[in-house]
Structure formats: structure tokens, C-alpha cells
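Shared between the two complexes below is chain A, which has chain B as its partner in the first and chain C in the second.
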Partner chain A sequence: MNCIIVFLKEDPKMKIKNTDKLRYAFRAIVFKEMGDHFRNKRMLILFGIILLTCIGSLYTAISGLKNATPAEETESSFFFLKLFTLSDGTLPAYFVFISFLGPLLGIGLGFDTINSEQNKGTLSRMLAQPIPRDYVLNAKFTAALLVIAILFFSLSFLVIGAGLIALSIPPTAEEFMRIMCFTFVSVIYVALWLNLSVYFSVCFRQPTTAALAGIAVWLFFTVFAPLLINLILKTLEPSPYAPPYSQYAFQQFQFAIIQLIPNELYSQATSTLLMPTIRNLGPLTIEQIQGAIPGPLPLGQSILIVWPQLTGMIAVTMACFILSYLRFMRKEIRSR
Partner chain B sequence: MHTSIIEVSSLTKLYGNFTAVDSLSLSIEKGEVFGLLGPNGAGKSTTILMLMGLTEPTAGNIRVCGLDPVRNPIEIKRKVGYLPEDVGFYDDLTGLENLRYTARLNGIPELEANTKAHKLLYDVGLEEHINKKTGQYSRGMRQRLGLADVLIKDPEVIILDEPTLGIDPAGIREFLDLIIRLSKDEGITVVFSSHHLQQVQQVCDRVGIFSKGKMHLCSLSEKDINLDELYYRFFEGGPKNEN
Partner chain C sequence: MSDHHLSIKTGLLFLIILLGSLAETPAKTLELYTPFTKISVPPGETVNYPIDIINHDSITRNCTIYVSGLSSKWEYSLRADGWNINEVAVLPGEKKTITLQVVVPFEINKGNYNFRIIAGNLTVMPLSINVSQKGTLRTEFTSDQVNMQGHTASTFTFRTQLKNFTGEKQSFALSSVVPQGWSVIFKPNYQQATSVEIEPNQSKEISIEVKPPHTIKAGKYTIPVSASTGSTSALLNLEVDITGNYSIELTTPTGLLSSSIIAGKQKKIDLTIRNSGSTDLHDIQVNSSKPQGWEVSFEPDSIPIIPAGEAMTIVATVKAYEKAIPGDYTIGFNAQTPETKSNISYRLSVKTSLLWGWLGIIILLGTTGGIIFLFRKYGRR
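Take a look at the complex of A and B:
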């Protein structure tokens, strides 16, 4: 051991040694944060809620599948994907649940990222260590993202496993890939809310304020934004006798304005990924439909349809991250 | 030995219209114990933050270990240990785990970190509480753990911001002895801020008295200087003597 220490101390290549040290420090923060997330009671509660909804919607889906679907249809109709989308009306489908609860998970993971460290007096101690300041933010984000990814991918695998047992039909390769894409989109969606709440945690000194701000945005987008958009659309709606181009323009506008809601982006993206029969998301003219053969799309085409939605979600996520980054880098950190 | 390890010239920090530090010049030599004395809000902590590169100066030059904290904060943080005022730890980790985490942030290999952490916890007198969660530590214990935390990176300079605040008199005595021993045995330069004259007198070789962002330098080795008088003059009307 002594020679290792001597070697590390007297390495002439200072530069290489220091970058290694930085990488080591980054990993240390990520591991510590992940450990904190998994040990945290608050996270256990959130994981519990999500697991319960998962089990609930899986149960309704499986019972619905057993009753409703004729046996000969199973091969062609992406039977396995129905586990995620089918609902008998008592409980919403899994992907609807996630679009509703995902934000809560993201906010729960992020709202005390920076401010609680500052209140505990550990932030100024941490920043006095030889690490770049953005490592704190980046590593904490990475840790939370990894936690989300682990959670969602294990949930998806659990659902697949439960489906295998209950239905005794294995998923096809394409179904499996679609489920993986869906999970990936879910991770991005939660990361969006995570970054928003990280931003609030940089802005507000009190974790409760940050949490409330995050929840306010979430409520706004799930409850008030649809109302508001309906209001706007009602006033702009052309009469049924209006010329077709204005009707078409209105439809286009309706499609565009709805996409301001991140929840809507997510449900558009996931429903297209999970239901291969969805061929288009926006308005279509008769000419566009003419000659189209009804049938499921291959995965690549489905991804192509939701590409704008995906890009939008990633862009919002990055914007939130950049905002919190700028704010955090310029902040003067005093003790407590 | 007369090599200065901290060089500050005409350092100024403005917060809006408020001048927190007003064209301060200062030179601290290697191995000395330097005291920053002054009432609350006199600019001590702001000066320290600027030395560490934790906040940018409005004007002026700083050299710490020959490096500029504005350009090269990470290199400085490798060499300088900083104990913030009212230091905090992760309450759900033990004292040892907290130290090992700091060691990891400094890129110290795990084995070395472990031996070092044990040795330092022994040095600061926390050997009985190594595996106790820091949430159960008393204020004085936290402060001593803070000192161990600062020392784990083998610093050339340590900067302690009001380290004795909230410790009982016996604890203060012990803490100050620890600082003197460190500076004597390890040759570490110590910058020590406080608003207690007695404490500064006990440990420091030289003192900078802060008042409203300005600083008056005096050496404690010159016996003819009447520090009390200076102190009272700079504190304007005199502080409440809490000790």
C-alpha cells in the first residue's frame, strides 16, 4: 500500500493524475447520492405508490385480456403491448398512470437537491473540496437519473415477467423493443420534472417552497392548462360552415397548442410507441389518407412519428438543466 | 523563513452599493498563525470566501500558494482547507463515513483515506465516536470533526471561519491547543477568524483587525502594542465581552 501512496504522491504527470482524481470524485458523489435516494423514506413512499399503480393497472389489463381477446388475433395484434395500454375502466392504463405520477416522482427526487445541502451546511464544505462547482449539480442529476432509469426498467421487466406468467405468450422482439422505447421515454419524461425541481431547489432556500413550486407547475399542467387551452380553442373555433382551409388551420393550431403541455407530449409519444396501429398524431386530410393500408407500423416508423415529441421533451429537460446550471454557478454560497 | 503564502493587494468586494471589503492588502507568511479579528459583518467571511475562490472579488489581486483563486480555484482547494462557519455534516453518516466521503472528493485512494481518517479522528479526540452518526454529535464534536475534515487533504494552509463559536470554554481551550500543535508540528499555515480578542491573542502570531471592510495589521510579538486599545478603537465603543 505504501508504494501506491508514494506513487500517487509523486506522479510527475500532474494533469493525468488530477483528471483521474476528478473522475473519482464525480463517481463518489453519484454513488453517495444514489445511496441516499435508495435509503430515503420519501423515496420508498414514492416507489411504493408507483409499484402499487403498476400492479393495479397490470391486474386490470391481464383480467381484461383474458376475457376480451379472441385467441386467433394474438399473433398479429401486439397482444403483449396491451399489458401496458389496456384498461377496463376501473383503473387507468399503466402509461396514463405514469404520465400522471411521473412528475411527482421527478419532483420528489429533486426538490431538495441543492437547498437541503445548503441548509445542512454541507454545501460550502463540499465546494471547498477540489472539485469543479458544476460537478455537484451534474453528479446529483446523474444519480437521480440513474435511480429513475433503474426503477422504470425494473418495473417494465417485472410487467413483462408477470405477463409471461399470466398469459404464457412470450413478447416478440418488436414488442420487446417497443416496451424498451416506452421505458426510455418515461425516463426522459421524469427527468424533465426532475430538472424543473432541481431548478427550484437552486432558486428557493426552503425545500418545502421548492417542492410546492414544483407541484404547482405539475398541477397547472395537469389541471389548469387543459382548461385554459379549451377556453382558447372555443373562442377560436371556426363555424362548421367555414371554408376547409380555415378548418384545417384550426385543427393544426389545436394540435400545436396542446403540445405545450409536457404530459400531452409524453402520452402522445408513449401511446404511439405502445399502439403500433396509431399512424399519425396531427390532423389529416382526406387525400393523405387515400390509399393507406390500415395495419400496424414498424417500430422505426412509430419512432419517426413521435420524433418531434421526443425532441421537445429532451429540449425542455435541457432548458431546465441549463437554467439551474447558470443560476447555481453564479450563486454565492455562504455557510448555512 | 519569510516566504509569503497568501498575498492580497487592494482587494475590494462590493455588494451593490455596500462595500464589504475595502481595498485590503495583506501578506501572510508560511507557517504562521494569522488572526482575523473583528465584529460580525466586518468583512472577515467575505475575505475568506474570496481567498478560497468561492466568490469573485470586485477588484484587486489575490495569490494563494502562488495561484490566483479566480483563475485556478480547484488547484487552490487542493492545497487549502477551509472550515466554514457553523459547519454541517451528513447526519445519517458516521463521523468516519463523512471523513471518507471528503477524502473521496479529494481523490484520495480508499485505503489511504481509511488510515488517515482514523488517525485524524484520533488526533482531534473523537476516537470514541468514530462510528456514531454525526446527527448525534454535539456542537464541539462537530467542530473538531470539521478540523479533521479540513486536514484529510494534507493542506498547506487551513482557513478556519469562527471555529470556536458555540463551544464551551474548556472545549475552546482544547481546540485552540490543537490548532497551535498543528501549526508547530506540521508547519501548516493557519488563518483564523474570530470576534473574541482573547482567543486570537492565545494562538495568533499576527492579527488583522477588521472594521467596516478595512483592516489594521498588528503583530502580537511586539509587546508594546496595546491590542486592547486598538481593538476597542476599531470596534467603535467596544464589543460586549462574551468570554
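Take a look at the complex of A and C:
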């Protein structure tokens, strides 16, 4: 952080407008933070884990695809997208891995954002500089988000490249757009967990506490929330002889309650984006199915299907950011 | 006295010369022989005469041999050892056998027919054939009903009789000369066939199936059918009266059978009903088969008449079920008259309304607005 302070002090062009100077300062903090992330051993370990799972899933997908190639039509069935969704059972598919490991990455990037600086005493020194207070939080968040985006987009391009080598079939424009959308959704999903852990890092003075709190939430949503929801659903389940409308209402309730889990939102959104044949996520009535013929949806319609999930994820991410922002702005920061 | 003597002398001389000339006559040197010189046969029969040529002379006799007295309608041939014979040579004291084959024509009157076999200028053998009855080549090909009426899709089945009046069993080839697209099938014994055998003076029922081409215009058409052998043939003209076909074609003006629709919204689809048949279509009804919850109405939903070859456009208004899921649905459109019908399946790709999408965007704008508000409040730029 010292170098930032020096940099800010020794700004040579005194005539530069205030807003330009501030933007310059913001950019400087972002780049510095990104540099910290890339040099950090903890981050390298997390990146390594994600890269390994990506390669593993890609390997199983390609070996599965090679068996599936002769039977299936390549053009119509969105062959390339199967790289992300296909699994032969030994390893989960790529997007399932991300729904599981993405939170860990987000928590790992964010749990010591504020509190470690506070503990080292650098936060008060930084805030002594002529920059707005929220720039510290905003820049740290932006830096982490950029790192996540770089990581995920490079992983996606890695998969596309490996797929091109292994299958020698180029993705169609729509497939490419779907992959980009999937990557974007993954970035948002990890940003959600990043914001949550940033919030914890503002709340708790000890980084370990913040990390544990983040991991606790993650574990709750991956392990305990499904159990809890199952418990609730078991008690509410209507008898098989119940009238259809109550069965339908129960199915809708089940669909709604499952969506409280962010992992579920993510996997619904990504599976719909990566599998164009998915036409609906919730329960269906006979009237809706009648006359429907199976076929892939255009990308716009797929996005419309998962629009509630996407909106929910983005809104929750923003809400977490607002919380941590408020908390940070009202925080009393004293030098040690 | 001397005059008298002279006359006796000259008379004797004449007698000697006469006797001498008799001894030299060729009838005695070559003889023709066949056992049956008069044969009675029906018309159309083939008669084989074995003919012996006997040489009574002491030298080899060579002479031409031919038949005379048979009209050109008769067929005959002289054969020996597989050859056609025109001249024959016989060694002294030997005989040679040749065969005369005579074919009695079918068309011939009853009576005696004489002819001769002539061996050069050496000998003649008269022969006689008695034709036992009046022969004819007549074959009759008739039908009780030679005119039939129907539309283009129908099959015209004519029941005809083929009678063989000739004296022989005949094998008739059945054929017809029709323009391209027509199909004529002969069924002599309920089996499709191209030829039929009929005993003399017998008749056979032959059913003839005529199928007109699909695209033929209404009108009268003559189908000549014939039964023929090498020697005789009979022609029958069948008449087919086509009343015109009924054909309706339902499509869209562009031919495109797919479109998109927003769930819960209406969509107007133009439909073209074309009369592709050769007669006017009356009372055309249009209806649809649709998934539950969908509504389809037509404007108009019935058309009183479409002349042959003309087309009409109607408008179908489709309202998608408001809870339809995005993706493809099929709707069947059906146009029918009492005579014919046509249906198409139309593919509608349902898109969901953007209403809930806008709600999501408003939520996002709200949160973004909150963040901007916080920036303003706490930012202290």
C-alpha cells in the first residue's frame, strides 16, 4: 500500500481536474489490488484447484463426446456445448463443479479485504490520502471481480480451444454466445459470494472469523439447506389422492423454495443456457405440454426463461454490496 | 392299185411313228405317287403329303417340281431333308420322297379345291382338298357397356367378351395404345395378363381396368383396345367420360409453414386455399386442430365456392395459451369439402412475454439506484 500512497502524493500534474485525478487514483488501487491477487499464494492454490477441475471435466466430456459422436447429429444438437455439460459419471460436469467450487473462490478472494488492512494498520493510512473513503472498498471489489472475470473467461476459452483441437468442429455463433453468457453468469455467481465475504470482512475484525462465516454460509447452502428444504417439503407434501390443483400448488411451492438456494439459481441458469432443449424450469401442466414439439430454443428465449434466476442473482449480489458498503462507510477506523 | 398300196404304206408308217412316239412318252419314265389324293379338312388345317418320285427310266431324270392351281391365299411348300425343293433328280430305278405341306387358309368357302403337282414336263399328279366347312378369320371383341363416367381418381372397369370364330385355337395378344399417363390393365382370368388363349368358337370374358392420369382435364376420351394374333385382330373402342377431379390445397401465400407467437398474444396467419382439381369446389369448411388452451378462428370460416384453378386467401387468427412454454408448438389447419380435404401442420414458435423480464429489469434498476444513492451520500466527492 505504501507505493500507492507515494504515487498519490507525487502526482506531478497539479492542474489536472479533480475528477480525473480521482479516476486515476481509483485505477491505481484496482491495478495494485489485482497485482496482489495474482502474487498471492492462496489465490494460486484456488486457481489451481479450479483449473484442475476444469481440465478433469473437459477430459471426461471429450472422452464422452467421442463415444457419442457417431450416433448424434452434430449440427442440430449443439455439439460444442456438450463440452460443458457432458459427464461420463466419473467426474461432474464443468458447470456443476463451478456451482460447487465457485463460492470457495469468491470467499477466498474476499474474506480479508478490509480487516487484514485494518489489522496491519494500512487502512487508516490509506484513508488519510485525498481520496473518497468508498474508493477503497469499490476498488478492492472491482479488482477481485476483474480477477474472477479474467479467470473464468480464460477457462472458457481454454475449453473452447481444447474442444477445437479434440473435436475439430468449430462452435457456431449461437454456441459461442451461449458459452459467453454462461461465463458471464458464472462471474456473477462468484461475485455474489465475493460480496458476501467482503461483507463479512467488514463485519469481523479477524480474517479467520470472516472466512469461517463465509464458509459456514456456503456449507449451509450446499449441505444443510437442501436437507432443510426436504424436511419442509416432506411435511407439506399432499397425498397422492389429493386434487390436482393442490398437487400443482405443491409443485410450484417446491420450485419456489428451491430457488432460495443460490447454487440452485446458478445451476438452473447455466443448465438452461448450456442446454438449448430445456424449455421450462418449473412444473408444467398437461395443457402446456400438449402440442409442443421438442426443439432447441433461441438464445434470447433461453435467457428469458432464466431471467428471474439471473435477476435474482444480480440483485442479491448488489444487495450484499450495499450492505458491505453501508457497513464500511459507517465503520469507525482508527489507527492502531 | 399302186395308189392304194401307197396309202396303206403311208398309213403303216404313220402308225409305226405313232407307236414309236408313244413308247418314247415321258409319263412312263417318271412317276409321282402319294397315297391320299383327296383329303377332307376344316379351314386352317395343315396337310402334309408324302410324295414319292419314282424313275422308271434307265437314265437319271432331272426335272423341276412345283405346285399349280392353288390361289395365293394358300400357303404351301415342297420340302425334303429340311430343304425347300425346286428341282429334283432321281437315279434310274430309284425313288425319292419329298413332302408337300399345304396350309388351308382360315377364310375360305366350303368346297373342293383341286391342284396339281407338276414335275417338269415329265408328269403331273392331280390332288384334291375338300374344305369341310366355311372358314372365317372373324374375331369379335365386344362389350355391353363401352362408355363409363367417373372422376380422375376412379378406376374404370369394362367387362368385355372376346370371341374366336376361327376354326383354330388362337392366342390373342391384348394391347392398347393410350397417351402417356393412362394405364390399361387386361384381366382375362381375374389375373393381369397380356395375352389370352381361346378355343375355336369359344368366347372369354376379359375385364379391362382403365386408370386415367391424375392431372387429366374433364372430358370424353376414347381408349382403343385390340386383341390380335398373327392372322386376325379385333378392335374395341372404350369410352371414358372424366367428370373432373376434386383436389384442394391448403398452404400459406409464401409456402412458409412456421412463424412465431408471443404467449397469450394473437397472431394473424394468412392461409391460401387453392382448388387444384378440374371441377369447382363447393362449400369449403376450414377448421383447426390445436393444443388445449389455444384459440383459433378463421375469417371467413367457410367459402361457398372456389372455381377450378382459383385460389382464395383466408385469415386465421391464432391466440396462444398464456401459459404456453417457449419453444415450438404445432397447429393443424384443415380445409375440406364433402369430396376432398387438405391439411397442413403449422409450426408456431412461442416466445414468452417480456413483462416479467421488465419486472426483473426494474428490480435491478432499483438496486443500482440504491447503490448510486449510497455513492452520492457517502462518497463525498
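What we mean here is this: the second predicted complex is superposed on the first by the 317 of 336 C-alpha atoms of A that agree within 3 Å, B and C clash if a C-alpha of one lies under 4 Å from a C-alpha of the other, contacts with A are read in each partner's own complex, and residues count from 1 in each chain.
As a working rule, a residue touches a chain if its C-beta (ideal position, glycine included) is under 8 Å from a C-beta of that chain, and two chains touch if they have at least 3 such contacts.
Computed from a prediction, not measured in an experiment: that's the story for all the values here.
K.L.:
Aligned on chain A, chain B and chain C: do they clash or fit?
P.N.:
The answer is fit.
K.L.:
Who does A:P132 touch here: chain B (first), chain C (second), both, or neither?
P.N.:
The answer is both, since A:P132 touches chain B and chain C.
K.L.:
Quick one: the Cα-centre angle at chain A between chain B and chain C, nearest 10 degrees, please.
P.N.:
In the superposed model, the angle at chain A is 160 degrees.
K.L.:
Where does A:A28 make contact in the superposed view: on chain B (first), on chain C (second), on both, or on neither?
P.N.:
Touch status of A:A28: first partner only.
K.L.:
Thinking of the overlay built on chain A, is A:Y241 touched by chain B (first), by chain C (second), by both, or by neither?
P.N.:
So A:Y241 meets neither chain B nor chain C here.
K.L.:
Kindly classify A:I333 by the partners it touches after superposition: chain B alone (first), chain C alone (second), both, or neither?
P.N.:
Only chain B; A:I333 stays clear of chain C.
K.L.:
Could you look at A:G121 and tell me whether it touches chain B, chain C, both or neither (first, second, both, neither)?
P.N.:
Touch status of A:G121: first partner only.
K.L.:
With both complexes placed on chain A, how many Å separate the closest C-alpha atoms of chain B and chain C?
P.N.:
Taking the overlay as described at the top, chain B lies 7 Å from chain C at its nearest C-alpha.
K.L.:
Take the contacts of chain A with chain B and those with chain C, and give the residues found in both.
P.N.:
On chain A, the residues that contact chain B in one structure and chain C in the other are 18, 22, 132.
K.L.:
Applying the document's contact rule, which stretches of chain A touch chain B when the two form their complex?
P.N.:
These residues of chain A touch chain B: 1, 4-5, 8, 18, 20-22, 24-25, 28-29, 32, 36, 39, 120-122, 124-132, 332-336.
K.L.:
With touch defined as at the start, can you tell me which chain A residues reach chain C in the complex?
P.N.:
Residue positions touching the partner: 18-19, 22, 132-134, 279-280, 284-295, 297, 300-301, 304-305, 307-308, 310-311, 314-315, 318-319, 321-322, 325-326, 329.
K.L.:
In their shared complex, at which residues does chain C touch chain A?
P.N.:
290-294, 321, 323-331, 347, 351-352, 354, 356-357, 360-361, 363-364, 367-368, 370-371, 374-375, 378-381
K.L.:
Touching residues of chain B toward chain A in the complex: what are they?
P.N.:
Of all residues in chain B, those touching chain A are 45, 49, 52, 54-55, 74-75, 77-78, 81-82, 84-92, 101-102, 104-107, 109, 111-112, 146, 149, 153, 161.
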